[in-house]
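We call the chains A, B, C and D, going by the order they appear; numbering starts again at 1 in every chain.
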Amino acid sequence: MIKEACGVLGIANNNNAAELTRLGLFALQHRGQESAGIFLKRSGQCELNKGMGLVGDVFDKLPKEWWKTEGQTMAIGHVRYSTSGKSTLINAQPFAVEFDKWHLALAHNGTLSNGAYWRKQLKRSGAIFQGDLDTEIILHLAAQSHQEGETPWKALEYALTKVEGAFSVVALCEDGLMVARDPHGFRPLALGRLGDAVVVASETSAFDMMGAKYERDVRPGEMIVIKEDGSMQSKQFATASRISHCIFEHVYFSRPDSLVFEDCVYSLRKKFGAQLALEHPVEADIIAPVPDSGTYAALGYAEASGIPFEMGIMRNHYIGRTFIKPSPEDRKTAVNLKLNPIRKAIEGKRVCLVEDSIVRGNTSRERVRTLRENGATEVHMRISCPPHISPCYYGIDFPSAEELIAHSHSIDEIAKIIDADSLAYLSLDGMLSCASKDNADYCHACFSGEYPVKPKM
Amino acid sequence: MIKEACGVLGIANNNNAAELTRLGLFALQHRGQESAGIFLKRSGQCELNKGMGLVGDVFDKLPKEWWKTEGQTMAIGHVRYSTSGKSTLINAQPFAVEFDKWHLALAHNGTLSNGAYWRKQLKRSGAIFQGDLDTEIILHLAAQSHQEGETPWKALEYALTKVEGAFSVVALCEDGLMVARDPHGFRPLALGRLGDAVVVASETSAFDMMGAKYERDVRPGEMIVIKEDGSMQSKQFATASRISHCIFEHVYFSRPDSLVFEDCVYSLRKKFGAQLALEHPVEADIIAPVPDSGTYAALGYAEASGIPFEMGIMRNHYIGRTFIKPSPEDRKTAVNLKLNPIRKAIEGKRVCLVEDSIVRGNTSRERVRTLRENGATEVHMRISCPPHISPCYYGIDFPSAEELIAHSHSIDEIAKIIDADSLAYLSLDGMLSCASKDNADYCHACFSGEYPVKPKM
Amino acid sequence: MIKEACGVLGIANNNNAAELTRLGLFALQHRGQESAGIFLKRSGQCELNKGMGLVGDVFDKLPKEWWKTEGQTMAIGHVRYSTSGKSTLINAQPFAVEFDKWHLALAHNGTLSNGAYWRKQLKRSGAIFQGDLDTEIILHLAAQSHQEGETPWKALEYALTKVEGAFSVVALCEDGLMVARDPHGFRPLALGRLGDAVVVASETSAFDMMGAKYERDVRPGEMIVIKEDGSMQSKQFATASRISHCIFEHVYFSRPDSLVFEDCVYSLRKKFGAQLALEHPVEADIIAPVPDSGTYAALGYAEASGIPFEMGIMRNHYIGRTFIKPSPEDRKTAVNLKLNPIRKAIEGKRVCLVEDSIVRGNTSRERVRTLRENGATEVHMRISCPPHISPCYYGIDFPSAEELIAHSHSIDEIAKIIDADSLAYLSLDGMLSCASKDNADYCHACFSGEYPVKPKM
Amino acid sequence: MIKEACGVLGIANNNNAAELTRLGLFALQHRGQESAGIFLKRSGQCELNKGMGLVGDVFDKLPKEWWKTEGQTMAIGHVRYSTSGKSTLINAQPFAVEFDKWHLALAHNGTLSNGAYWRKQLKRSGAIFQGDLDTEIILHLAAQSHQEGETPWKALEYALTKVEGAFSVVALCEDGLMVARDPHGFRPLALGRLGDAVVVASETSAFDMMGAKYERDVRPGEMIVIKEDGSMQSKQFATASRISHCIFEHVYFSRPDSLVFEDCVYSLRKKFGAQLALEHPVEADIIAPVPDSGTYAALGYAEASGIPFEMGIMRNHYIGRTFIKPSPEDRKTAVNLKLNPIRKAIEGKRVCLVEDSIVRGNTSRERVRTLRENGATEVHMRISCPPHISPCYYGIDFPSAEELIAHSHSIDEIAKIIDADSLAYLSLDGMLSCASKDNADYCHACFSGEYPVKPKM
């Protein structure tokens, strides 16, 4: 599984800030299911609440009083992804500290490509770390440049000029809300309005949930301080040689109903599918998606190819994160327990299956096999992005290069391994041509190995 | 919301019976989310476990020992729907009692149309009732005709000839597993095989989950006793003047990947959509479903009409049963929090929205409104079944006739109320013509008011 | 461990009935820690709430609304003991059923000595049983004699004349509260007043907790129906040849601050200790109790003997029911984890340890051993009742006769087994002479083997 | 309520370290009920587990694997007290950080009297704080003096020479276990052996629970580093002008079965009672303790005065921390719900009630009142320590001076306020004369206002 690195959200100048943050986090839940947290200012005081699990798990137990509206004027929220390894509360965000006289909390989406370097340096100069979060690095850097008595914003700005890589950050203290985005603009961060309130979120789907309207993206290298009364001060704290939006947000991570990097994810996925049909046509009776992520590219492929679209595989949404797999696993793999082919839609058909990626290959092999078991006469696979060959240093948790099947196998070899009658990937140029922005605006290191910023250890 | 009355499952002759029952219930979860239960025979002894909530909630807390395989040779399982009113553990199923020297448990799907009558009669003769379940009525009737020392099957058969209406029943005691279906065959009940094991379930999707193969439906009026070794004895305990399968199982309740009444639900829903397109064409730019239930009819409609299919509305699966609605509800209704329109897919388009039913009308009005807000120039609604005008006495929890908008309003009036540019329903004859069985084989009382069995109070 | 069979409580004519029932159950918690339940009439309707665990576990999760006061005029409550075997919700009380047009719930303390007989008979006549409770027997018997349209009281009275053994019963339906006690008066049941409200409880400690005043005991063979307005109707439904109060309530079960069978438990336990000192003096430096149950007899022994009383063993109240024992159990037994000797109070002393009973002997052996380890030069044991030699059929869960050490060993042998320097028990006559009532009023079958009612199978 | 500041525990060289730490914490539970935590080294790696609630609540949910024994060679544990104010997980201990290449955790008992000063200083030099713990101050001080590549011990030693006030500290990293005690020896810290293992704990009751033997106290100003193999290196890191053990540990906090400051708490409390009888005799019929804390002084008083000892008040141990008080509180105060007088022991008697302290006075007034209601003809109060007049800066959470009744009222006035027939306190000299150590060895600032170290802000 490919994992996203978190979703962030912030709101200022609304007396229902906590409740709206909770709602918005529900719309960012796909960006992180490990932990959720809200830090808010209420009656002049700051308060933190975070816990392990889904947004509902963490916040639905809280007493009603916690959501009381009066005097809640600002809040930030965070959802964190679930790594395969250790997942502990210490790494949940927002991360809150006493900072001079302030209660300051930070939440971020992304990965610092020079995080390891700074962690080492900071330890040498006497910093102690609680967990593995890049957030702590930013806070320590800020603390060391901070002038007593000032607000934390200047110190945080300093810190943001020292760190490199991907970061979309929201911070809150008694003085206000701060939002910033790394100069390359790796991860999305959108700015919106809800009446007099200012809102920011990783994706605009959160705005829809909150009833807010999208206004514009926070600019790469921009830092905005928003006061309790909604007044904003923006500043360009750094500039990169070129913008590098993560193209994989469009392929997989973001919700189809979000505007990301000013593009509609849903439309772009359909375009990827159409372009894929153009590049790699197929002789098939039906186009079927692997739901839910392959659905939109499959629709595009079907429309462009004229071949009928069928929901040939059904997804069981009741099998969630906590589903306990049956012990005699040989019978059926867990992936099959979630996805069930509809025999009548498949039987006797040449099926073209559209998916958004092949990571290790074993899941795809399993899917091909069950389609054949359900009567498919041929199974063709079409992938709506190029092969993954390189790791990501900017916030996406890919398997190591060795585990990526395309790292060491040709497309023909992969086709054989997964037992598909044919296999084809969308080309890098084809993919980039779909996006409305200039090709140069995207980071595609995971497909091309071209890294906008080198990691520093 | 229209609610189904439960799902049942049974398995005999498998030493992994409990685990397989849990898995199968995951595939029946859509038929009941209020409570779940399993009754099994393990090492010669019977044991019950049931609780409030989803299958995962109820069973994932159990210690691993509970699922231990050796000596588990038979089990039955049940999921129950969530009514708006009281939902208590006392009404969870299977319902287990000491019956002579047996530990006997019963689980059923359906509603007895003479349940009220028998409850009154039984109380008069000294029976005491724990809860509101029809299951208790069947057990009391059986107990009163039971001969000491015999197995409970004969007494249960007697009971089943006394009750009327809809019942698909599974029962288990130390002696074996019993399954039966009312003579009209209102509710589905399928029979399958998993190696040497015999399985029964409300829907075949449970078989897919368990790795079992569908064999045939339990026949209306058939009762089968299955011993621990898998040996079966079938018997026709009653015959109805005509078969009356619930057509609404196909329209809404059953999973699209199930075979129900020997028909593929997915294919039938697409046919309903195609027939609807034939009967009520539309001038529109896109066909969009209300996900997830309207998706398949919308696909059929799009295919038949040649108008492009768009997933114009996105569903948030993280907003579940336990989602706590925000207090200032005027802002957005809960239905909108689950479903989010994708502006780019809708803007400037004449949208034809396909849904499976209009119950009270307020939800549909809300949907039309949000589509217009997102830029739809016209909104047409097409419903993949006839208008609901009458209550169901056979296991479906419709609102009362007064609350059904079609009970007291013409289609034109409804169109005005929900503010649609046009509105049309599939005709009863059109709907029945899609099903592969003889028209006479279906109950369509909720659409036609023609009741196969009159309720008896 | 010797286990009590439950505690019951009832209240009528108080608009805070639910809350007071919860409070009172806290004071009866020592009589049953397995499950707790409350059945109440609120705004004309009856409602049940019960669950596994301590009173706090079961009721502290309930929403505040549940305890709302208006219109709550009657309630009954129950705590159930934890058997070593199966403990399931099905056996929690009160046990509620639909009874004619009434919602009727019953809760009882005691064991029917002809319960097995009636269960068999009732099954033959078509009754089905949910669990193992004697409560169900009483309800079935009542149902079979009930005349349609009447209140359940007459039918319940009939049932109570059919059953034998120990029962202190509370029942509630829309019509009122009923309380009754078996004609032998095996188990306690006290009647009190709280302003205009009528209250009943197994022990008067519940009255203290509720702020109520003790008035009198419910008489053996008495049945009282109490209406919502507090009006009472009493009736003698049966009479036994002689009263047979359970003397072991005084020795062990009841709280020292309760009045039981009109005697103060605290005072009686001290008298048992004084009498024991008289019958079996000791040459020792200190008298030490096994806390908490041996404390009061030890005080009496010390006072009568003039030997100093020392709390030589400390009890850790944080080690509760759910304490998970350490795996390498050889190191220390669980009993020692709860009780810790105070070396300075014991070292170099001849210790006389006072306890309320020796059941199997292994716990006592362990206690003697740890006292010696902590420097006791001699350890003498004095038991504040006669040796247990026979089982109880009236509500106390003793180990089987074979497991009772005194059943098959002389006192000298037991002394050797537990390694005490001396061992002595209070005599039966001595014990009975302490109680203020006539000797004949007590059941002492567990010490004497003389059973007031023979069990009937 | 007077609150203790925590209990600590450590163990090295035992492959059952985690399990033993859990057990030991059960014996320290009275020192802190807010949160509990264990930090351990297992298979070469360090791991933390902490949570809110009692030891059982926090650790009983953990999977068995967590307690697995192999390779667990060292652990530290902590229980924290519950303040009236905010209690959050962030303040739970042990507090674990990345420290250079080490995973280092610290847990402490006590309060730094110059903590506020250092916190301010450290923030100025760029330190950021997570919570309110003194532990963080010690870690920051250590981090700032740390030489890269060394073990943390030298840096921690440096830190301990900078901080003042009360601290009994345990620390653990991959290199070993460190224990230290402030040079005044305010809080207890005992050293013991369990076979080859070395153990330390706030009180020796933890050793009894673990099966370990007490060896000696960690000396004031001593720091000991213990390696995984049990080898120890001790060092005197600082010396105070005089030792200042907290005498209130003996009066109230410590368990009676602990050796604290080399004295048996149980014996000392009895001596306090006897001395009190000598200083302030009473004409009474019975001596009764307020259980449980007043029991031992009452025993001493009774023995010395020759007046009979009676357990005149019964404590309900089922009413715990989470007990939800009834809403109509006017009826009975919560204190009365826990403690119930035994009328028969009190009625018609002149009662002398022995308690360990009067803080605000309202609880005592309530106790006197209920004794009179239960028939006491006179109520005399005897307190087993001098009046509390001054705050504690060394780890005890007294109410503010204004709230301490003895701060602003004479003993006669207090007697009137609580409505006692007489009231007397143990004298300071009398109290100190009971302890086996030199009077000068004790801190009695809360009684005398003489502070061994002045707090520094």
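FYI, a residue touches a chain if its C-beta (ideal position, glycine included) is under 8 Å from a C-beta of that chain, and two chains touch if they have at least 3 such contacts.
All figures in this text were calculated on a predicted structure; none of them were measured in a lab.
Trainee: Going by the contact rule set out at the top, which chains touch both chain A and chain B?
Mentor: none
Trainee: What's the fewest number of moves from chain A to chain C, given that each move must go to a chain touching the current one?
Mentor: The fewest steps needed to get from chain A to chain C is 2.
Trainee: Approximately how many whole Å separate the CA-defined centres of chain C and chain D?
Mentor: Taking the mean C-alpha position of each chain, the two centres sit 36 Å apart.
Trainee: Per the centroid of Cα atoms for each chain, what is the distance between chain B and chain D, given in Å?
Mentor: Comparing mean C-alpha positions, chain D is 60 Å from chain B.
Trainee: How many Å are there between the centre of chain A and the centre of chain D, using C-alpha atoms for each centre?
Mentor: Chain centroid spacing, chain A to chain D, equals 48 Å.
Trainee: Spell out, as numbers or ranges, the residues of chain A touching 2 or more other chains.
Mentor: Touching at least two other chains: none.
Trainee: Line, ring, star, complete or other: which one describes how these chains touch?
Mentor: ring
Trainee: Report the residues of chain D in contact with chain A in the complex, numbered from low to high.
Mentor: Spelled out, the residues of chain D in touch with chain A are 48, 89-90, 96-100, 123-124, 126-131, 139-140, 143-144, 146, 148.
Trainee: Taking the touch rule as given, give the residues of chain D at its contact with chain C in the complex, in rising order.
Mentor: 16, 19-20, 22-23, 26-27, 29-30, 54-56, 60, 67, 69, 205, 208-209, 211, 255-257, 264, 266-267, 295-296, 299, 303, 308-311, 314, 316-320, 322-324, 326-328, 331-332, 337, 340-345
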